[in-house]
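Multiple structures follow.
Next come two complexes, and both contain chain A; in the first it sits with chain B, in the second with chain C.
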Partner chain A sequence: MSALPQAHEAASSTPDIRIDRAALIAELSRVLPEDCLIADPGRLRAYECDGLMLVREMPLAVALPTTEAQVVAVLRTCHRLGVPVVPRGAGTGLSGGATPHKQGIVLSTARLNRIVSVDRLAQQAVVQPGVRNLAVSEAAAPYGLYYAPDPSSQIACSIGGNVAENSGGVHCLKYGLTVHNVLRVRMVNMAGEVMEIGSAAPDSAGYDLLAVTIGSEGLLGVVTEVTVKLVPKPRVARCVLAAFADIRKAGQAVADVIAAGIIPAGLEMMDQATTAAVEQFVHAGYPLDAAAILLCESDGTEEEVQDEIARVRVLLEAAGATEIRISSDEAERLRFWAGRKAAFPAAGRIAPDYYCMDGTIPRQRLADMLEAMETMAKKYDLGLLNVFHAGDGNLHPLILFDSNDPDSVRRAEAFGVDILELSVELGGTITGEHGVGLEKINQMCSQFGADELDMFHRVKAAFDPAGLMNPGKAVPTLHRCAEMGRMHVHHGELPHPDLPRF
Partner chain B sequence: MSSHLHSVLREQVLEAAAHGRTLRPHGSGSKDFLAQTLSGTPLDMRGAQGVIAYEPSELFITAHAGTRLAEVEALLAAHNQMLAFEPPHFGPHATLGGALAAGLSGPRRISAGSLRDFVLGVTLMDGQGRVLRFGGQVMKNVAGFDVSRLIAGSFGTLGLILEVTLKVLPRPPAEQTRVLALDEAHALSALREWGAQPLPLSATLWHDGRLAVRLSGAEPALAAAVRIVGGEPLAADEAAALWQSVREQRHPFFSGDAPLWRVALPPMAPALALEGRPLVEWNGMQRWLRSDIDADALRHAVRALGGHATLFRGGRAVDRALGVFEPLAPEVMAVHRRLKQAFDPSGVFSPGRLYAEL
Partner chain C sequence: MSALPQAHEAASSTPDIRIDRAALIAELSRVLPEDCLIADPGRLRAYECDGLMLVREMPLAVALPTTEAQVVAVLRTCHRLGVPVVPRGAGTGLSGGATPHKQGIVLSTARLNRIVSVDRLAQQAVVQPGVRNLAVSEAAAPYGLYYAPDPSSQIACSIGGNVAENSGGVHCLKYGLTVHNVLRVRMVNMAGEVMEIGSAAPDSAGYDLLAVTIGSEGLLGVVTEVTVKLVPKPRVARCVLAAFADIRKAGQAVADVIAAGIIPAGLEMMDQATTAAVEQFVHAGYPLDAAAILLCESDGTEEEVQDEIARVRVLLEAAGATEIRISSDEAERLRFWAGRKAAFPAAGRIAPDYYCMDGTIPRQRLADMLEAMETMAKKYDLGLLNVFHAGDGNLHPLILFDSNDPDSVRRAEAFGVDILELSVELGGTITGEHGVGLEKINQMCSQFGADELDMFHRVKAAFDPAGLMNPGKAVPTLHRCAEMGRMHVHHGELPHPDLPRF
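For the complex of A and B:
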């Protein structure tokens, strides 16, 4: 699906240590039941990668604990023996956060999969990390509640992985990211100590450790229990589909909607190439002659939705929409969304491989970004599909390439790097929701200076002084950045000061 | 302006670090009464003031930490936007940096989220005099640890807050406050029942047999909600004054010398069976208590309910000396100590303001 030679380098460049595998497995067998430990190479193969599939590494073993006590025992054992531990949820992450360490074990939370409680009046659920994202909303549905963050992998991805990545989804403009919807975690640190972080109350004493834990990409500890916030399911949701002849006008329409004081439940954009690709796939009846399509969802009470849709319609017309459709029923609303949700599989149908980027930029730079990417696509001679969480400026350009053609792989990689670095230059970030992992570790050297990276290492060490929890991911060593020649020096000066930023 | 200011500040930080001295960064001092010990040479952070970037359609504002909170809120109001977490000022000159350092949220927290939920980016000078930029101006950003939010509520113990970027939101098109006569237990159960439904409750307050509920949203949504909530309407100016008086603690409940406790509780916690006068906010999750109760007894009772208590104002010197904040579990305190060490290796910034150990 995605190919990054540079990430291969990352995987192999972690500090060289030698672990006595037989001794390790003997020790782990003492604290885990037989069926909770995988050491057979054939069965280990299933864990050699996550959603970043072309980066593969065989772990020494995989632990599949079924209780927190087993998690504690595994971590204590590895801590004592100096063995790196890579935590893994459902393995759907796109950035290589769960790529194994060749001298370490994978600790999978897949079997910690119990929904502990769902409380309607408290609007909270307590779940184990291996519970799937969608399963939480399904368990809450009988109470008229749901769990708001809905990453596109929500059928498969787990809450533990969502905590690690601070996952978003199409509704986060209005309902927030994982960091806004997780209230508490129980986490076991590398030394095997259990910590309660956050609480079922609105806050807790001391530093906000929950904020650093969420999105920490498995570098700080292994989560064993999560308390999530549930929100009342809106009575009505309706979607507006608007077509634009000019992608710049579509971008302006997004800004106009927000400037008018409307925060839609979802605000997504697809370009013409994407619309054409998904239409073959889902037959949603999209206008194929449009340069861009906007999907704008309103939710709330019937009265609220009617009111908001009427205001949105006026704004979109004024912004130059060539066609506006409003979903008349739930089936039509889901059809509007079907194409957007099928963008990735549709890309997989029209090209042998695609590489999904995840930069975020200030919304008003959208048109500049699109034009720049069009030029890049010509330069690298590769196809490109553009889908965006337009409301929050999070772009998912899909670069089409062929992994059997080494030159195509090389061009795809260079194209991706250009996109990420332009995202930083435009005042944005290299990753809005997929995480850094191994995939974007080199671009961290562009986004942050040496001092910030040093502080990230210090923050990790505050939780994991031994440095054994998912080492080599998310934060590059300063040495690595220096070698890459990518270190950016800022101390108050932004790169490219000539670029207007607002 | 900022690079000169940064070098002046850096000099002071490095000199303090070299000579084992301590500094206490402050804004207007409106929140000096909060938290533990005030120690260290005062360091006025109002040398840099003003908004650096504000783009209404991008939903963010960036300003120097010394900018007055009132100035920020006035600018947002002029564009029909707001700081949705309604930070308490506790004084006319309260600063943005002070608000971030204290991490407090006001009445709208129950629907909009807390201050930390709105933090997008922070520029900080650490204990080695380094200027560090975390986060940014975009809503979604998962590159690196979320250090910006860690700074919220850290009371200046991790570094000098230089610049702050916050997410802003549109003001609701309409608001209405309803008042109902209910005892505490009935008020709590009504709030929970409403909370589990898609109703536009934006603030709630129970005190002395009276429940006030603020509804915010589109007019038709308010009309529908009023039919469910019931009660009597409060005139718009009275409603505004009521919510302002709770946010700023100028409500008569907050006057007098009795110790003021803040108790944070899980949603299902019952009315507290503790001596003293309560005022309940946030659907029962934030309770204020004026009480001379023994600190240990109070903490014990609150902990049993899954919450935590803070001695917010006043109180006996002996209770304050033991710690105004909930004591931390040893393994959590160990992480706190190492984080403090990471940001401030020489222990320059406001030692003891949060906990004696930090």
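For the complex of A and C:
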């Protein structure tokens, strides 16, 4: 299966330049120690893709700076020479945000990996971008604190990448996305200017540029330091497992819990196809006769958890739950979650390929969305596993298909487009936490109008007038969208024949 | 006492244009009904200032559109003619964000005052910008919901103004500032383009421009519709009043409460001078022998409130509280708050003039800041009332002075500069919730460096390349800051002799 041709083209087509590779490497050698610059093709291969593995490109070189001063020097050099720069964190991103540019370099933040400080009283940590997400919580653990956002890749992914993608996770329902847990970043723009954005104080004068930089997918600058909020570890955590005979009732139960003013620490849903797939794999003890199950976690003090679980139970029963179990100890709580965490690998065992979507919808529309996707699955005659952050309305439907069967690919493609377009129609977005990158750049044309995209380009130009920072990602050109207009006429037939797999 | 000359000049000096007033009014008459356009000088006078009453300017006209289409038409007209536009909400802002431009018009959102919808299940309301803050909560009350941000002007101020200033309030410690409670805005930029910014879904693709627009002080566009979050009314609210013999201990107690992971619904501090001033005025029953008192409110279920208050009490006692009272009923809770709410009028009774500052510092530095301000008060031989959102680190020190005594004015001025500069030095900001506007535009030069200010100007240009939307406010020119550089050399002597009073 070849790479996404349209996306691929986008990654390397802007701007149109010809670089003298030898001259570039000579210039970079003057500002970086020898072991911080990779130019050897064999070693470059490790950087040819991120988690969007079907799109691969060889960069001209990889810079691995160890100090902010080196980041500045690399960016100034590339800015002067007109060389595109693709920032890269741990390379676990799923949407191709770190896919190299063939006329550019990759700037990896992996070696900026120092925990600068952990402040127990202020409940903040200052870390460099290459620090792994989980390492922040490990450093804070002696003080009874942790860093809340928990993407499923948290063992490997780094804070810099989390900032670039505004990463989420199971606990973001209660504790917020990356944008809600970062107070300040230091960032170097393409011209090599260092900016402090945000403040350790609650508010900040001037335009609030922090939220713009968080989730900007490496298009605005390279982050060199991040001040994150830490939160106290809850004293108690307990998980409720609820079974439903009808997926619509499960969707309604999620809306009911949130509408009652309860914000669980996590609120996840799996449908019957998913529980069947994972049960063979991890033996979590899920009720296999249920059309859907919900996992609802409560954390806090013993009193808070008891009170919240009692209220949740009443609502789940009223919504028609056929069975409710509450974890009696930590081992049972972890067993309830084991199946959820194994859902993606389990999908890989029951179908040759799956395509993971990331649309997010207002959660009161969950039941409608789930019913619509059931109908779509029948229409396209494809398997579908539903496993997702229900409380956030962030869907991760897994479309099962066979990449060796062109008709199956075509149907999966059309199914995916239907899901994304319905997400937008229901007032939602095409991506909840995986980013746009190269993968969903075409769908940005459905999500936004010309004025809005133009506004994005103008904001980009405010940070990077030369357009050299991660070009071709996240925000499509208006020209591209005009071409995509034709896609909507021929509904369901994408101009590119291939789809990414995860 | 005349207006702030520097600020005043800023308001009218950019851009340098000469408008034919009669031609402008004729053009506006073509796009607005007669009763939506004010050109009569007598009626214009009502718009010559906002809450920064010492700075007054007559606009060329005032537009009072009743529909978004009229907003678009007015902006297109002014854009075409090169006429500056100053957006205005309810006119309660304290920093001069709505001070007119003498070569421009005021665009008031007062008549865009419809509550479009209240969605109980989604816990959201869609409102026009002219809806008063409190009216949103009143509309949501039948569903047991309310809108959390509660500026002290909430009876009068409107949602559009709250968005422009990113307004706070007593309950923002727990429930967040405006930026944390707004999901989406519709905004019209200077060119008359309508943009939807943000999403009712938890996250949104593309750059997150919502936080940039919230708190942008009317420099980026005119908001025509706002989707706000509603939250369930807490079942119980109770207030703890704690007395301290030492203001440093009170500051430390605030840091201790927050460091313990407790987020009270409100956490306010008043010093002895303030309690003495308000007690004569409202008879709240405050302990007058205390150097400082804290008001700490807890809300939630009965169990949550009991648990939280028990934990708070232990911490306050450990920090050295000499007396702790807990409100036993709603009447007592309101009495505890009555003094806090009367602090500003009380200051007006004990001194000819007062100057209210709005610096915000990381809250673990509160004790240092309070001690430093005590020393400054002695140095400048001026009265000082400290009353503020302690939990947020948002200070509202009231410097007492006499505007008829030039030496008192000079000392108050220098005192204010010292406070703002120390706020920045301690890692804080010059404004917590009142905005920069005209009032603090000079202090922006202390807060930000040239690269950062340049970045702000580039972001402004992305939204408003012609620079016609509220020119001269919030972000100083680099030229202005270069001039201000001289202020720092002659420490404490501002180049302008007059200060705003509130």
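Keep this in mind: the second predicted complex is superposed on the first by the 458 of 502 C-alpha atoms of A that agree within 3 Å, B and C clash if a C-alpha of one lies under 4 Å from a C-alpha of the other, contacts with A are read in each partner's own complex, and residues count from 1 in each chain.
Note that a residue touches a chain if its C-beta (ideal position, glycine included) is under 8 Å from a C-beta of that chain, and two chains touch if they have at least 3 such contacts.
Predicted model only: the values in this text are computed from it and were never measured.
Asks: Using the superposition on chain A, tell me whether chain B and chain C clash or fit.
Replies: Here the two partners, once superposed via chain A, clash with each other.
Asks: Return first, second, both or neither, reflecting whether A:V179 touches chain B, chain C, both chains, or no partner chain.
Replies: Both partners.
Asks: Report for A:E165: first if it touches chain B alone, second if chain C alone, otherwise both or neither.
Replies: first
Asks: Is A:D40 touching the first partner chain B, the second partner chain C, both, or neither of them?
Replies: The answer is neither, since A:D40 touches no partner chain.
Asks: Between chain B (first) and chain C (second), which, if any, makes contact with A:E330: first, second, both or neither?
Replies: neither
Asks: With the two structures laid over each other on chain A, which partner does A:I263 touch: chain B (first), chain C (second), both, or neither?
Replies: first
Asks: Contacts for A:E433 in the overlay, against chain B (first) and chain C (second): which applies, first, second, both or neither?
Replies: both
Asks: Which holds for A:F463: it touches chain B only (first), chain C only (second), both, or neither?
Replies: So A:F463 meets both chain B and chain C here.
Asks: Quick check for you: in the superposed arrangement, does A:M195 touch first (chain B), second (chain C), both or neither?
Replies: So A:M195 meets both chain B and chain C here.
Asks: Decide which partner touches more residues of chain A, taking chain B and chain C as the two options.
Replies: Residues of chain A touched, chain B against chain C: more for B.
Asks: Where on chain A do the contacts from chain B and from chain C line up?
Replies: Touching chain B and chain C on chain A: residues 119-123, 166, 168, 177, 179, 189, 193-196, 199-209, 211-212, 214-216, 232, 255, 258-259, 261, 301, 303-304, 307, 360-364, 392-394, 427-433, 436, 440, 444, 447-448, 451-453, 455-456, 458-463, 474-475.
Asks: Could you pull out which chain B residues touch chain A in their complex?
Replies: Spelled out, the residues of chain B in touch with chain A are 2-3, 6, 53, 55-59, 80-81, 103, 109, 113-114, 116-117, 126, 130-134, 136-147, 149-150, 152-154, 158, 169-171, 173, 192-193, 195-199, 217-221, 223-224, 264-268, 282, 285-286, 306-308, 310, 325-329, 331-333, 335-336, 338-339, 341-343, 354-355.
Asks: Under the touch definition given earlier, write down the residues of chain A that touch chain B in their complex.
Replies: Residues 119-124, 143-145, 165-166, 168, 172-173, 176-177, 179-180, 189, 193-197, 199-209, 211-212, 214-216, 232-235, 255-256, 258-259, 261-263, 300-301, 303-304, 306-308, 360-364, 389, 392-394, 427-436, 440, 444, 447-449, 451-453, 455-456, 458-463, 465, 474-475, 490-492, 501-502 of chain A touch chain B in their complex.
Asks: Touching chain A in the complex: which residues of chain C?
Replies: Touching chain A from chain C are residues 119-123, 166, 168, 177, 179, 189, 193-196, 199-212, 214-216, 231-232, 255, 258-261, 301, 303-304, 307, 360-364, 392-394, 427-433, 436, 440, 444, 447-448, 451-453, 455-456, 458-463, 474-475.
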